[in-house]
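The first chain written gets the first letter, and so on, giving A, B, C and D; residue counts start at 1 in each chain.
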Amino acid sequence: MNGNNNANKQMTLKDAIGKYVKDDCSITFGGFIGRDCVAAVHEIIRQGIKNLTVIDDSKTDMMDLLVGAGAVKRWEGAYLGYGAIGLAPNIRRSVEKGIPAKFELEDWSNAGISMRYLAGSLNIPFMATKSMLGTDILKYNQRIKVINDPYAGEPVALVPAAHPDVAVIHVQRADAMGNAQVWGFTGNDENKARAAKHTIITCEEIVATDEIRRQGNMTAIPFYCVDAVVQVPYGCHPQSCYGYYAYDVLFCGDYHEAAKDREQFLSWLDRYVFESEDHAAYCAKVGWSRLQNLMTMERHFNRIPG
Amino acid sequence: MGNQKYTASELMAIMTAKEFRDWEVAFVGIGIPLVAGITAKRFHAPNLNIVYESGCIGPQKYRVDFNVGDSSAADGALCLTSEWRVFSDMQCGYYDVGVLGAAQVDKYGNLNTTAIFGSQDYQSPKVRLPGSGGGNDIGSNIGRVVVMLRLEPLRFVEKVDYLTTPGFLDGAPDARKRAGLLGSGPAAVVTDKALFRFDASTSEMYLDTIYPGVDVQDIKSLVGWELKISPDLKVASEPTDEELAAVRASDPANLIMGGVAARKRLSGLDEYIEVTIKNSGK
Amino acid sequence: MNGNNNANKQMTLKDAIGKYVKDDCSITFGGFIGRDCVAAVHEIIRQGIKNLTVIDDSKTDMMDLLVGAGAVKRWEGAYLGYGAIGLAPNIRRSVEKGIPAKFELEDWSNAGISMRYLAGSLNIPFMATKSMLGTDILKYNQRIKVINDPYAGEPVALVPAAHPDVAVIHVQRADAMGNAQVWGFTGNDENKARAAKHTIITCEEIVATDEIRRQGNMTAIPFYCVDAVVQVPYGCHPQSCYGYYAYDVLFCGDYHEAAKDREQFLSWLDRYVFESEDHAAYCAKVGWSRLQNLMTMERHFNRIPG
Amino acid sequence: MGNQKYTASELMAIMTAKEFRDWEVAFVGIGIPLVAGITAKRFHAPNLNIVYESGCIGPQKYRVDFNVGDSSAADGALCLTSEWRVFSDMQCGYYDVGVLGAAQVDKYGNLNTTAIFGSQDYQSPKVRLPGSGGGNDIGSNIGRVVVMLRLEPLRFVEKVDYLTTPGFLDGAPDARKRAGLLGSGPAAVVTDKALFRFDASTSEMYLDTIYPGVDVQDIKSLVGWELKISPDLKVASEPTDEELAAVRASDPANLIMGGVAARKRLSGLDEYIEVTIKNSGK
């Protein structure tokens, strides 16, 4: 924002989360399962931040972890599952049985949430959509307003702009000034960064500003939307990062099995989060050679030019 | 369906693959729908272009996706863009066919992927499901929608607990138009035992095709309303060896269709990577 | 649109304009002065197409030519000038004196038109904006509706979606299937291509589809939005094309001087349009070495990787 | 302003350049505003980032632009994106300062760039101007707006013929807020003879700074209302040699500030290209 621009917004993950992610704040995360902000979520849990309102489209691991850790007060979003692997164990345990606690649920569709972030990024109060009409999403979510459009008179749903306190977005490359470049799909990242009051960029690599200028078309998020830049290699594991590493399906499978049992989940959390000082310590436990193999696999299919 | 040389999941994937035509643009949801898309592309519809809600348009499909936002969804794509953009392009009518999973379907093709209430309610359901994801959007906006789910007890119901994704709503002839929906509603429901379609005048789901060896009465007993049967009920042909080879190459480690058991059969990540690259065609 | 996709949408400029641009149709053009569709405009004039409604943001040469040639019935847009060079001579002559004819004017701002195309690309009936409020733009343009937003109650302007019959967009590279890649700024191109009923892509180079797949992030317009693909090197001259050639300020200066006089303008039109069979003939008159020098200059500053 | 060693346009560009601060983000319209931006960047505000409505954010500014959508606007930019996106970013409040030209301005800083009616009207004006372009949007949404125009007869008027870009509207204290506008309105009007600012309580334009050798009465005679004068009226300092060198290097062929006469002085395109590259610093 204004007055917020300078040559160096780089900080540690610990400092960035500590500075911007507070108890009771609202938050969103970039990526779309792939390019998820796993390292940032671990740090949020590590710091014991509570009562988060998460406003997001589709999430797997990250939300299962946050809910299992008891960090979430409210969810406004579209999908909380575990992809082709199954349902999300901690989400189920919380909603069905209140373990460790209930959280508020407000259901939307992915296009509905996408339009909330588009409206937020445009700084307009609402956006029209043809999704969600005629369904129980409207019945349980009173913030969706159906109107007859003032031009042709047809029914259209309005959704309100989303403006979370913080957006955390993991990208492949950024400079210290905050220009963030994304390869592969971009999800709703460009809009989330603009809609949020503060934006933390985590990235695989910090590069020189001249490197950014070589491919200005790849800058999805310009510096003026960004408050903090953090280098976190392998920051999405076990999720994928286009051009950097593939999805670790077996690690996710093991997590999914473990998380079905509350005690086993808590052990998992101890091992990978609380007893890991930072993301490098987590990576060491996962195993650097395993991460290297995931990189080899990804680069067989996708290479970022330059 | 006794001692067959293929699984129910494989048959579902093949039956769904046949719903795609070459040069169509297909918007495909998570799970077995993904395998069906890859199978079609490797078999009879090489120019099928698949779109993923994460923002990937027309990838090569070298490997299977566990989530629609895995990096694999972007492999060699014609266009890599944003989530909101592909949903908008869907709303513009650029996509020919959508494929969706569901936990429950009713006789008008409405889907539930949000919660099974059981004896309880939305706030404290028996089973909390993932929610709409992009399912509602596909059902709202795409002309031809194919639904995939197993024909099991309590899945084909008179009325879904929670209407996540619109089919023909209450079945009135203009119900979708009155609600403001753009797409023309579900075209087929593919299960592990039969394929269902919808009557053009009543919008009601009927039995269109049974699979080899399946009994109509068994199907009726699993459906929660008085199911109508097509006057010219078809019997699906057995999948060919070529079709089976294509569907298996689409999910070579069998992790989508085989689930946790298949994961446990792998010696480890290295074997998974090796199998994936070997079958990728790249 | 559906049923419209195939491996080869390539055709000549003459055929593409003849097939899609009809008398009385509405039209928009890609680019933003730079990357303007100059070759397509010459072909429209050459074919004697009349009564166009042009819905666009900011235009210089192209609209001055179309209005001077008497091809325009109506303009819905934001800017009709000649950049730092001055006012647009044919526009002034038409509006002030009715030479060769009056055309209808509907004034918008650039953001207003941008939102009309964003709404068109989303297939929603309208978009909200905080522009144009409190001004005479509202007084003379009744299609802008000011409402109090149903969430916070603040005044906001609504603009209706634009859906012209045709969009013509010049890009650097496209394949025969219709995937169009744009480097440099993208204007409103991605939205215009989606909002229009038919889209013609003109391009500097037609490339193989495998070349498109190497940089999928650069595809601003995917194949399914496109009806025709036409290769027209130097198709923007005297405007610039990022990475290909620079703006020809002296050619524009000479045009501007000539166009101040109606007879001289008509001579210019004869020489460069009516007596040029196609864009290659125009380029020969401009001079290939001049075009080459403009390319050398542009590539001193901007090179497209790969 | 007699036999000075600089032109009125050069002085306007330098006075405007001084309105920019380092690390600000400036949204700059067509014409001399562009030269002012480049000058600031080459002189006292190297980290000024300029945004162009075509979709260019933070270019290096090696060369001058004749249009905000020339390829030059994109030279080495930090981010190359779309027109609608930069206007939306403006609406979000990310841009610190906007610079605009105009044909007419009134005492509340409202601008006309659409038409001079003369004895006629909007439909058949005396002079048709280009229209808003992005001017209205800058005036609507940016906090600090700097206006540039020559102080000539009929340009500083009691009421503009057509209100294209909002200043303080009718001058009522909450006029902008009531209309729904986000930005806080014009901050300065830079001319070839003086610089004007706006009274915080009345929103009325007043004379803030005169240029060396200019008479206050001359200024008053060119303004179409009873102009108020700042109680501590400043006199601008003469531009320094360094400032003049910077502004001249920003437009080395003098084509923006020198116009048609400067174009005619060039031997041809080759000389223009040579001069441009030589002064680019790249």
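Quick note on the criterion: a contact is a pair of C-beta atoms (placed from the backbone, for glycine too) under 8 Å apart; a residue touches a chain by one contact, two chains touch by 3 or more.
As the structure is a prediction and not an experimental result, all values here were calculated from the model.
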Chains contacting each of subunit B and subunit C, listed by label: A
Contact-richer chain pair (by C-beta pairs counted) among A-D and A-B: A-B
For subunit A paired with subunit C, centre-to-centre distance based on mean C-alpha positions, whole Å: 38
Interchain centroid distance [CA atoms averaged], subunit B/subunit D, Å: 58
Geometric centre distance via CA averages, subunit D-subunit A, whole Å: 41
Gap in Å, rounded to a whole number, between the CA centres of subunit B and subunit A: 26
Residue list for subunit B, restricted to those that touch at least two other chains: 56, 74, 76, 80-81, 88, 91, 182
Multi-chain contact residues (two or more partners), subunit C: 122-124, 129-130, 154, 156, 183-184, 190, 217
Touching pairs - complete list by chain label: A-B, A-C, A-D, B-C, C-D
Touching residues (chain side subunit A, partner subunit D) in the complex: 1-3, 5-7, 121-124, 177, 179, 190, 194, 209, 212-213, 216-217, 219, 222-225
Sites on subunit B touched by subunit C in the complex: 23-25, 47, 49, 56-58, 60, 74, 76-81, 85, 88-89, 91-96, 143, 182
Contact set on subunit C toward subunit D in their complex: 31-35, 57-58, 60, 77-81, 83-88, 91-92, 95-96, 105, 107-112, 114-115, 117-118, 129-137, 140, 146, 154-157, 183-191, 239-243, 245-253, 257, 290, 293-294, 296-298, 300-302
Residues of subunit D that touch subunit C when the two form their complex: 30-31, 34, 52-56, 62-63, 65-76, 80-84, 87, 90-91, 114-115, 122-137, 140-141, 162-166, 169, 175-176, 178-182, 255-256, 259-260, 263, 266, 268-270, 272-273, 276-277, 280, 282
Interface residues, subunit C side, partner subunit A - complex: 122-130, 145, 147, 149-152, 154, 156, 158, 160-161, 182-184, 214-215, 217-218, 305-306
